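By written order: A, B, C and D. Residues from 1 in each chain.
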Amino acid sequence: MRLLFLGDVVGRSGRDALTAKLPGLRASLRADLVVVNGENASHGFGLAPDMARAFLAAGADVITLGNHAWDRKEIIPFLETEPRVIRPANFPPGTPGRGAVVVDVPGNRRALVVNVMGRLFMDALDDPFRAVQAELQRHRLGQTIHAAVIDVHAEATSEKYAFGHSFDGLASLVIGTHTHTPTADHQILAGGTAYQSDAGMCGDYDSVIGMQKGGAALRFWRKMPGEKLAPAEGEATLCGLFVETDDATGLALGVAPVRLGGRLSQAMPRV
Amino acid sequence: MRLLFLGDVVGRSGRDALTAKLPGLRASLRADLVVVNGENASHGFGLAPDMARAFLAAGADVITLGNHAWDRKEIIPFLETEPRVIRPANFPPGTPGRGAVVVDVPGNRRALVVNVMGRLFMDALDDPFRAVQAELQRHRLGQTIHAAVIDVHAEATSEKYAFGHSFDGLASLVIGTHTHTPTADHQILAGGTAYQSDAGMCGDYDSVIGMQKGGAALRFWRKMPGEKLAPAEGEATLCGLFVETDDATGLALGVAPVRLGGRLSQAMPRV
Amino acid sequence: MRLLFLGDVVGRSGRDALTAKLPGLRASLRADLVVVNGENASHGFGLAPDMARAFLAAGADVITLGNHAWDRKEIIPFLETEPRVIRPANFPPGTPGRGAVVVDVPGNRRALVVNVMGRLFMDALDDPFRAVQAELQRHRLGQTIHAAVIDVHAEATSEKYAFGHSFDGLASLVIGTHTHTPTADHQILAGGTAYQSDAGMCGDYDSVIGMQKGGAALRFWRKMPGEKLAPAEGEATLCGLFVETDDATGLALGVAPVRLGGRLSQAMPRV
Amino acid sequence: MRLLFLGDVVGRSGRDALTAKLPGLRASLRADLVVVNGENASHGFGLAPDMARAFLAAGADVITLGNHAWDRKEIIPFLETEPRVIRPANFPPGTPGRGAVVVDVPGNRRALVVNVMGRLFMDALDDPFRAVQAELQRHRLGQTIHAAVIDVHAEATSEKYAFGHSFDGLASLVIGTHTHTPTADHQILAGGTAYQSDAGMCGDYDSVIGMQKGGAALRFWRKMPGEKLAPAEGEATLCGLFVETDDATGLALGVAPVRLGGRLSQAMPRV
């Protein structure tokens, strides 16, 4: 299976780049499954239903979220009707929405996508490791599902690597989001799972993690609330990872970074 | 000036790779200044004086530290005698050692190196932004010094980008350390300063940020103290950044990632 | 039922005061159930089995723990053989020991004691609210058990009050530990549950939360590891709370602070 | 000198109790100096200028603030014109307002009041210990000033005790605020400084630290943003500490808690 994962879409710059370029990117990579983290699409804070619809229309199969999941209230009823938009699985029971979804993939295949939130330097949710374990145990990789993608929305690289190794051999891809910075440590772990600590964002990198740099930097100098942060408006770099997997095992055969447009060095898998 | 920065050296694997490969790397890159973060050299925790000497002998001009600065007590008197080993500048007054150093560079040039520690999700040190500002104000980039390198030892990408933009145009390079994961966001900022959120480590990437993966991952599942962590022993990837600067301005002309050896995708500047 | 709860016993000073005074205190208060938090008994860090035995011999019916539960490794096998020593209930499945115990009380009565750890500004354990809820749902207060004591080992007063109100009417006493400072907010909540944000410690209050003041205060001035902290050795104040409950409902009829010995203002319930 | 310190005034309940009772309390205690923390006066978040004026009119000599200092924007220009309202001293240079004030006290005396914010589990401000030291070094206790009151707005009891001992003998009173819970550890430290870890709030204690208990408790169960918190509206308990000092030394002769009205056990110094 050919998987494309793109990190946190930030603001209009990120949305515009995604909707403009994803159709072509999907086609040129002949991607079977596209997963996009959308938690910052709405002016940096949350995801509005119409944005989710636009991402799905542009070629996303699944949209994941994170700590900004609830910033736009309209997402709450929307999550109940649109299973392809998922929020971290380790919210407590009773939380709206779902933390995982199985989607059909051309060729009579199925893929599981799980979204989970780390706890180191983040809010105290339920155990994300047991949450992922529980989702994976509902399926058999290579049999009932042909790929499993885990979006680990987390701050600390230690926690992300712990996820990678904990589920190495049990998932197709463990990929981090949330830091809005792509890491260059993409690899196939010892057990066959593709891994990258952070996908990076789909946003303007002349910024402080997607927000306008002046005001955002000032917050570190002045310790009082300042003006509201707004997303940077320069051209976005779409950042993510492309993984090719073996349907018989669900494990990774190859992995290559994607960085398209904007300021960052460009990277595109050889197809 | 041709600058090479290498991130946190972790354990024997990192030390061996550094001392074996740095002489050749320095030569092939024709580097004028080499800065290495050494805070995890000693079994993952701190830097022993003999290791510092070995790094200097292998071609490091300056060694920076971080939150693990004091893990090996012998470093304290050593810092007083060896100005080329620096610790974060924003420790309170009275702390042993120095947070910055100016070193001579061939061609009658001088380079400032500053080490500073972030505060987001880290210990509450003095204001790192004012600390860097104070160091930079002692010099004139392009006149009394020809390059200025800032090692921002920090967890959060937001804080690191805030550093980059705050000192954009005032330093040759702002580069992060501490997450032990190289980022792929190397760029020259709008004002001419080279930037990368994290240099990555010089260590084995089949690990949890350099430590053996089994025990380190288990800590996220079991919430009680486990066995002592030990560094992973596979081949290290040397990770860092190469920057070419204009001596007349001290600003960056080009920037290219370095990833040499071990598991990660290889990257080497075209010289 | 007449309940006495005493907060974190710190070091030799705390142990000596407890074993010397608890027999008399228990007698004079005609206490039916005595619960003591013992997480700092061993030089400030953990509880050794012989100390636990001494506390039980001196009149404790149940000993609770906290974030220092595992500091003395010998406690791990001991917890399996001594159900009256409990650790926070919200450690993940598979953790040694138990988080709750039901003990017999004279007069053919039974009392539940639950230990739980907060998460605000503390380690990311399982949800402590659901953990307490699960323990309480195994029993019927006023029927299968005649009293229920919840030791909330937590940092933040907001989380402690949230516990109090969440279980108001469902427990006899919700009492905080961990800050080593007695609060003066003892009250019977609207639903009949006795509450105090923190029991305080059984330790020397001429100290920094039980540890010698010089070295402990210095840590806030110098940001590097200092000498190992040791418990203060002056006379301890035994700190805690006395609650009288109605066996038919398990709810509180009266509540009064206990502060005995040492530097703090003395408080003793009128019996 | 006869000092009265009252902790964080929360919402209308706290404001009403303060303005109604402070005149009588001041008179009956024959207080020479009254300091009130006002950071939560405005619906729990910040202090409006008219509230500050009402507190001063009711008998407060100085009003201190904390992490909520800036929640009401109108306070910023007001701080420039009203030196008796101070904010934590360890904000960075350039922050509006002042962190200390010297006020005249009847009998030709002067008193220094300093407000400072802790850093443990709080935002990364400048070093609060050096900030207090700097303020104290501008004066001579017992000579140029006759009393010195330090409001340590902080979360952790360890940091508060470290303040107490660090400035023991150099201040009349070191008193904590911010947890909204009065502690029962009032004492005169070895060097003569009065100390209490937290003054408690002036607010309704049938609440979660002053806010309505239902919604505030729910936030610990549900991990998504809920309704906006509002202050509890029951009768407030005025909480604080009364200290009598020796003008010749500025040190404490006696210390007694104050808890007046509302749900908490009542405490009033014998005058």
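In this text, contacts are C-beta pairs under 8 Å (C-beta built on N, C-alpha and C of every residue); 3 or more make two chains touch, one makes a residue touch a chain.
Just so we're on the same page, UniProt names per chain: A, B, C, D = YmdB family metallophosphoesterase.
In this text the structure is predicted, and so the values were computed from the model without any measurement.
The fewest steps needed to get from subunit A to subunit D, moving only between touching chains, is 1.
More inter-chain C-beta contacts link the pair A-B than the other of A-B and B-C. We define each chain's centre as the mean of its Cα atoms; on that basis subunit B and subunit C are separated by 45 Å. One finds 29 Å separating the Cα centroids of subunit A and subunit B. Counting partner chains per residue, subunit B shows two or more touched chains at residues 92, 124, 130, 221.
Looking at the complex, you find that subunit D touches subunit C at residues 121, 129-130, 155-159, 161-163, 165-166, 179-187, 189-190, 197-198, 200, 205-209, 213-214, 216-217, 219-221, 239, 257, 259, 263-265, 267. In the complex of the two chains, the subunit A residues touching subunit D come out as 69-71, 91-92, 94-96, 123-125, 221-225.
Within the complex, the subunit D residues that touch subunit B are 92, 119-120, 124, 126-127, 130.
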